[in-house]
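Take this structure, written in C-alpha cells, and hold onto it; I'll ask about it next.
Each chain gets a letter, A, B, C, D and E, in the order it is written, and its residues are counted from 1.
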C-alpha cells in the first residue's frame, strides 16, 4: 500500500442545488462573523432567497437536462426523478417560508437573555436580532434536500441530523411566548434525538444483515441472505420508527402539536411543509428502494400505522382550540393519508408510478396550502402577538373578508373539497391505493377525512357565521413577502385544484423512472 | 242489453261540450284573479256562466237525441293529457248528459238563489267563484272519458267542497269541517286511486272505452278487487258507511252549498262512478253484494241519524245520506237498478235541493238559526217557502204520484225482486223517512212559535223563492216523467245497458202498499209526537237509541278512537323517534366522536417523558408486529 | 461471540431507552440518549467485524461526530431553558399540552 | 479466550454502569457512570479490531462530550438530584415494561438470527486500520463527511445563538470603571476600594475564614454571608463571627441604611450563580412568568 | 354553439360581476338580469333539443385531466334537460324572492347573490356532466356555496344547520368518491366518460359494492329515510330562497344520480337492491308525512313533506317501469316548483311576522287573502291535487310502481291521505280561524312577491293540465335508461289494443 487514495468522483453539477444551499449557508455564517450588524439582515435576505432560487433553477436545469440513472457522489446520493421533484418542492416551500420571516417580528432579539430580564428589555430597545436564523434555515433546507436523496443510510442519518439540528434551535427562538417556544425546542430536541437513536439502531441492524448501508445493496441482500430475517425485521422497524417520527405518524406523533404550536410560525410553516416533504421522500426511498422486496411484510404494519395516524389526527383535532395546534393535528391526519399512498405499491412499474405520482402531487398540494395557511396565521394578531386561540378568530370574515376567505379556502383544500388542490391530492393517492387493493384503507381514510372536515368547517363557522368579539384581533397589513406567500399559496391551491394536469404530468415524469436502484 | 260502442265525434253542441267545463272555469278564474275589481258584477258573471253551461248542456242533449239510440255515445278527444296513460277526452252519452243537465240546471238555480242568500256577505264574489269552480269540476267528473280525467274532476269537486264548506273560515268549526271533509274524501280517493292503478296494471289503459269493453276478459278476482276499491272511493264521496262522517259536519257551509254539493250533485258522484263502471261490477258479484250492503246500511243509518237531529240542515243531511243509500243500493243490483238509481238521483236532486234551499230560506228569515226547536208555526209567515218545502217533503216520503214515489218505490220494487231481505230493509228505511221528514216539517212549520225574541221571520225575496218554485215543480213531475213507460231506462240503455226485460210499472203493488203504510205510520207517529204535542225547547235526554242517533251512530267517536287518537300518538311517537332516534343517532355519533376527542387529547399530557414512552412503546409494537408479520 | 456483543448492545440500548423515560433531569435524559447512541456504535463495530468490512466503523465514527454536534445543540437548549425556568426537569416544561 | 474474558468483565461493568446511569439520583453520578460505559465500550472497540474508534471514543466522547456534560451539570447545579417520586401515573410501570419487552424483543431477534463466525477485518484492513478507514471516509463516504461540516457549523452557530450575547455598547475600560466607583463613593459613600478577601492576616485563606482587621478583630466586610448562613444553620458558626455580624446589624438598624456587603455584590452577579434553592426556583418561575407577560405585551 | 358551457360561463361571469358592483340594489338587479339571460339561453337551447334524437345532445367533451382520464364533458338528455330547466327557472324567482332576505343580517348582500349565481352554474354543471368525475366534482363543490348561504344568511341555528348539512353531505360524497375511484380502477378503461363506463362492470358483487357507494351518497343527498335528518335543520334555518334551491334543486341531484348512475352503471346491483330501496322509500313516504304532521315549525314541516316526496321519487326511479321512471323525473321538476312556492310563500309570511312557528299565526286569510290563497295553491300542489302538475307525476309514479310492486305502492298511496292532513292542518292553523292579534296588521303580498309566486303557480297549473311537453322530452330518455338496465315493462293481464296509448 503506497498510501495514496484514488480521488473520489463527485458529480458537482448534479449536486449543485445542494451545494448552493450549503454554500450560501456558510457564506451566511461568514456574514455573521464579518459584516456589521446593521448590514447583516440586508445581506442575508437576498442571499438566502437568491440561493434558494438559484438552487431551484439548478434543479430545474438538471431535470430538463435529463435525469441520471446512477447514484452520484460515490453512490451516496441519488439524484433521480423523484428526488429532483422533491427538491424543487422543498425549495419553493422554503423560499415561501423565508419570505414569511422577513419581518423580524417572529424571532427573539437575544436568545441568551432570560425572558423578562433587563437584558431582554435592552435587546428590545436596541432592536437586536438573530440574523443567524437565515444560515440556520439554509442548513436545515440543505438537510431536507439531502434527506430524500440519500442513497445510503449513513447519508440519510447525517442528513436527518443536518435537517433537524437547526430546526431544534429555530424552534426555540420565538419572539413572543418564549417559554412555549423554548419548551417546544426542548421537546423537539429530546424526542428527535431519541427517535434518531432508533433510526441509528435500525441502520446498525440492517448493516448487520446486509453488510452494507447502501439501500440498493440492502435490497439485493433481501433475497440472498438467509437466517438473519429477525435482524432485518427489527432493523426495518427501528428505521421506520425514525422515519415515521419525522412525518409525525401515530404513535410517534406526540411531538407535533407541541412543537408546531410553540415554534415561531414561519418555522412551523417550514416544518409542516418542507420537513414533511423531505421525510416522506426519505420514507419512500427507504421503503421502496431499500426494503422494496420486503413490501409484503411492511405493508400490513404501515397499514396499521396509517389507520392509527388518520384516526388520531382527525379525532384529536376536533376539540382543539389553538389554531396552530389544530393545524398540527391536521398535518398528522394528512400524514396518514399520505401513508396510504406509500402503501399503495403495486407489482408493476406502472402501478408504482401512479402511486408515486399521487404522492408527489399530494406533497406539493399540501405543502403549498400549509405554507399559505400558516402565513395567514402570522397576520392575525392581537395585543399578545399572533392570535392563536380560535375564539379570537370569531367573526374574522366580517372584519377582514378577503383574508378570512383565503383562509377558508385553504381549510377547504385541507378538507379535500373538489376544485381545490387538496381534493386532487387525496384523489390521486386514494386512486392509487384502490388500484392496488387497499380499498379498506381508503374507506377508513375517507371516513377520517369526513371527521377531519368537521374541524376545518368549525373554523369557517367561527370566522364567517359568528359575530366578532368586541376586542377581537386585528389583521396586520401584511408585508410584501407575506402577501406574496398568501397570494401564491392561494393561487397554487386554485390552479392545482382546477388544472392539476401540468403538475400531475411533471410528477408523473418524475415518478416515471421511479427511484434509482 | 250491453252498452253501445263509443263513436268519435266532432262538431255541434256536443263537439263543443268542453265549453260546459270551460265556461264556469273561466268564470272562476276571472273572479279569483280579478280580485275586488270584479266584486260588483261577480255574482252576475257566476250566474251567467252557470246558465251558459246549462245552455250548452241542453243543446248537446238535443243533439244527442237526434242520434239513433245505438249511436248516442259520443267521444270527444281534446288533447293528450299524460302520454302513455291517458288522453283528455270527453264522453257525451245519455248517462253523462243526464248528469250535465241536472248539474247545470240545479246549479244555475242555486246560483240565482245565492245572489239573494249571500247578498250581505262581503266575499260573495269569491263564493260565486268557488261555485263556478265546482260546476266545472263536477262537469269534468261526469264528462270525462277516462278514469284519470274523472279523478281530476273527482278531486276538483272535493276542493270546491273544501273551499265552500270552509267559506266562513274565520269560524273554527267551519275550517275544521272543511278539512275533515277533504281528508275523509282523501281516504276514499285512496281506494279509488288504487282501483285506478289496478285497472291500469290490468288493462294498460284507463279509458272507459278500453277498460269497460274488455272488463269481461279480466279474472273475477281482479274485477272484485277493482270494484271494491272503486266502492271505497264512492263511499268517500257519497258519504256512505263507513266514510259518512264528514257530511254532517259539512253543513257548516252556506246553505246553497249544502243544497248543490251536499245534496244534489257532488255526493251523488259515487253513484255515478258505480254506474259508470258497471261492467266491472257485473263481473264481480262479491263487489256487487258489498255495494248493496253498504247502500242498505247507509240508508238506514242516515235515516236513523235524521230522526234525532234538531239542526234542520243536519237532519236533511242525514236524509241525504239515506237517499244516496237507496241509489247505491240500486246501483249495486246491476243493470236492473241503474236507471232507477240515476232517476232517483235526479229527482232527489230536485226535491232535496228544494228542501235545502227552503231550509236556507227559513234560516235566512230566522237570523241563521238552525235549531228546529226554535222554529214552529212558520207556515203562515213564509207561505212560498212552506208550500215548496211541503212539496219536497211529500216527494221524499214517496207520496203517491210525486217524484219520490216513482223513483224510490221503483228502487224498492227492484231490490225486492233481487233480494227480499234488502228489500224489506229498504221498506223500513222508507218508513223511517216518513217519520223524520214529518218531524222536520211539523217542528218547523207547524205547532207553536218557539222563536227567539229577536227573530222576525219574513218571506224571502223573489230571487230566492223563484228557484224554490221551479225546483218544486221538478219535485212534483219529474219522477213520473222519467219512470213511466221506462222512458229513462230506455234512454240510458246505450250507456249503461239495461235488463233483458224492462220492468213494468205496478201501481199499488204489495210492496208499494206496504211502503205507503209504513210511511203513513211514521208520519202519524211524528204528528203525535211533534205536530200535536208541545216540542220542548231543549232536547230531552231520550233513550239510548236517541243518543245513538244524535251522536251520528258514534261514527265520529269511532273515528276518534280508531284513527285520530292512535294517529296523534303515532305522530308524537314519530316526531320523538325522529328527533331522538334517527337524528339522535346522528348527533350522538358526532357527540361521541367529540367526546372521544376530548378524552383522547388528555393522552397528550405535555410531558416529554410520556411522549417518549409512546414512541418507545410504539417502537416495540412496530418491531413486534413486523416480526409477527414477517414470520407469518 | 458476535451475538454476545449484540446482546450487550441491545441491553444498553434498552437501558438507555428506559432511562429516557424515567429520568426527569433533562441532562440525564440526554445522557441516556447518548448511551443509546453508544449502544448503536457497539453494534456497528461488531457488525463491521462480523461482515468483514469497515463501513461499520466508518459509520460509528460519523455517529460520534454527529453526537458531538448534537450534544452541543442539546446542551445549549437545555441551558437556555434552565436559565429561564431555573429548572432542568423535563416535567416542568409541560405548558404545551392536550 | 482473552476476548471472552475482556468481554464478560466489561459487559458486566458497562451494564451495571448503564443501570447506574439510569438509577442514580445525582446527575453527576449519572455522568460518571456514562463515562464508565464509554470507556468500557472503547476497550471493546479495541478488542474488535477498531483501534482508531477506541481512541476516538476516549478522546471525543469521554474526553470532550462527557466534559461538556459535566460542565453543564456544574452550571445547572452540581448537587441537583431528582426526587424519587414519579409524578406521571403509570410512567414507571410502562417504562420498565416497555424496556423489558424491548430488550427481550431485541435479544430474541438477535439471538434468533443465525450469525456465523465473524469474517474478521483482516482483508479490509490490509493497509492498516486507520488508512483503510481514511480511504473509505474519503472515497465512498466523502459526501457524508463533507456534510458533517454543516453539522458542526450548525452546532457552533447554535451555541452562539443561545449562549452568546453580543455587546451593544463598548466594553467599559478600567478607567471608566474606577471613575464610576468614585462617583458612587462621592454620592453614596460606597467604599471604592476592593473588599478584603477572606483570610487576610488570618491563619489561612479558606473561604470560610474572615479577614482580620489590624486590631485583630474580624472585618465584617469579609464575611461570606452564604457560608455564615450555612454555618449558623448547622450550629457551627464561630462565636466571634456571630458577634461581629450582630453588631453590624445593630449598626445598620441605627443608621437606617445598609452598608454594602459582600452578599450584595454577590447578588449583583445575576441569577446564574445563585445557589440552587427552592426559593431560587420559585423566583425563577416568577421571573419567567413576568417575562412571559412582558413578552406578550411587546407584541404591539 | 357550446350551449352548456355558455350557460355556466354566463352564470360564473355574472357571479364575478356581482362582486364588483358597488351598490347593493344594482347588484340585485344585475343578478336578476343575469339569471334571466341564463333562463332565456336555456329556453333557446331546450327548443333545439330533439326528443327522439341522440341520447346526449349539445355534447362538449374536452380533456381535463388526462392523467386521471377525466374530461370536461357536458351534454344533456331529456332528464338532464328538464332538471336544468327547473334550476334556471327557479333561480330568477329566488333572486326576486330574496330581494330583502340578505339584508336582515349584517352580511354582505352582494355575496349572497354572487353565491346564488355560482350555485346556478354548478347546478347546471352537475346535471349536464357526462363525465362521472366531473359530476362528482360538481356534486361536492355545490355544497360550499350552499353552506355559506345557510351559514351566513340563515336563522338562529344557522351554523349548526350549515355544518350538519355540509358534513352529512360530505360524508356521503366521500363514500361515493371511493366508489368513483373503484369504478375507474375496476373498469380499467382509463376514462371517466359515462358512456364508456356503462356496462363495464360485469361482476355482480363488485357492482353491489360500487352501487352502495354511490347510493348512500345519493340517499343522503336526496334525502332518503333514514338519512334525512339534516334536511329539516338545513331547510328550516336557510333563508327561504336558499331553502328553495336546496330542496328544489340540490336534493334532486340525489335522485337524478340514482336514475343516471346507480341504474345505468350497476344494473344488476340496482335490481338486487331494489327491494331495499323501495322499502326505504315507502318508509320515507309514510314516515316523513307522519313526522310532518307533528311539526310546529312551518319550514321544518315543509322539509319533512319533502322527505315524503323524495320517497315517491326514489320509489319511482327504482320501480323500473317507464311510467314510474318518467313520473319520477317529472316529479323532480314539479316538486321543485311546488316546494319552491311553498317555501317562498311561507318565507314571505315568516318575513312579515318574524316567526316560523305555526302557533304564532291564525286567521291570516282574513288580513292577507292573496297570500293565503297562493299558500293554499302551493299547499294543494304539495298534496298532489289533480289539476296541479304534482298530481301528474305522483300518479305516474304510483301507477308505474303498482305495475310491479303492489304492496309498496299501496302503502305509498297512504301518503296521499297523510299529505292532505299535514297541509290542510297547517293551513287551518295559520290561515283559518279567528285572526290572531299578532297578525292583524300583516300586509298582503306586494307586487314583487306576486311576481315571484305567479310564475310558479302558472307552471304548476299549466303542467297540471298539459304535462306533455315535459313528458315528451323525458320519455325517450327514461326508456333509454331502462333499456340499458335491460328491464321491460310488465305486460297487462288483459291486453287492450289501443292506438297511441
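We take it that contacts are C-beta pairs under 8 Å (C-beta built on N, C-alpha and C of every residue); 3 or more make two chains touch, one makes a residue touch a chain.
Everything numeric here is computed off the predicted structure, so don't read it as measured data.
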Considering only chains that satisfy the touch condition with chain A, which of them also satisfy it with chain E?
B
Going by average Cα coordinates, which chain is farthest removed from chain C?
B
Hey, which chain ends up farthest from chain A, C-alpha centres compared?
B
Of B-D and B-E, pair with higher C-beta contact tally
B-E
Nearest to the mean of all protein Cα atoms is the Cα centre of chain E
The distance between the C-alpha centres of chain B and chain C, rounded to whole Å, is 95
Can you check how far apart chain C and chain D are, centre to centre, with Cα atoms defining each centre and the answer in Å?
18
Suppose each chain is reduced to the average of its Cα coordinates; what separation in Å results between chain D and chain E?
75
Compute the distance, rounded to whole Å, between the mean C-alpha positions of chain A and chain D.
35
Check: chain B positions touching at least 2 other chains come out as 590, 601, 604-610, 612-613, 616-617, 619, 623, 627
Residues of chain E that touch two or more other chains sit at 167
Chain A touches at least 2 other chains through residues 111-112, 114-115, 154, 158, 161, 165, 168-169, 172, 178-179, 186-187, 190, 194, 229-230, 233-234, 257-258, 454
Full set of chain pairs in contact is A-B, A-C, A-D, A-E, B-C, B-D, B-E, C-D
In their complex, what parts of chain B are in touch with chain D?
605, 607, 609-610, 613, 616-617, 619-620, 623-624, 627
Chain D touches which residues of chain A in the complex?
1, 3, 5-6, 8, 10, 15, 22, 25-26, 29, 32, 37, 73-77, 110-117, 119-124, 126, 128, 130, 132, 135-136, 139, 142-143, 146, 154-155, 158-159, 161-162, 165-166, 168-169, 172-173, 175-179, 209, 226-231, 233-234, 381-385
In the complex, chain E residues that touch chain A
64-68, 106-108, 136-138, 140-141, 143-144, 147-148, 151-152, 158-159, 162-163, 166-167, 170-171, 174-175, 177-178, 181-182, 184-185
Chain E residues within the chain B interface of the complex
164, 167-168, 225-226, 228-230, 287, 290-291, 293-295, 322-323, 326, 363, 365-366, 370, 373, 380, 385-387, 391-392, 395-396, 398-399, 402-403, 406, 409-410, 413-414, 416-417, 420-421, 424-425, 428, 431-435, 465-468, 471-472, 475, 490-496, 498, 500-501
In their shared complex, chain C is touched by residues of chain A numbered 111-112, 114-115, 154, 157-158, 161, 165, 168-169, 172, 178-180, 182-187, 189-190, 193-194, 197, 200-201, 203-205, 207-208, 211-213, 257-258, 261-262
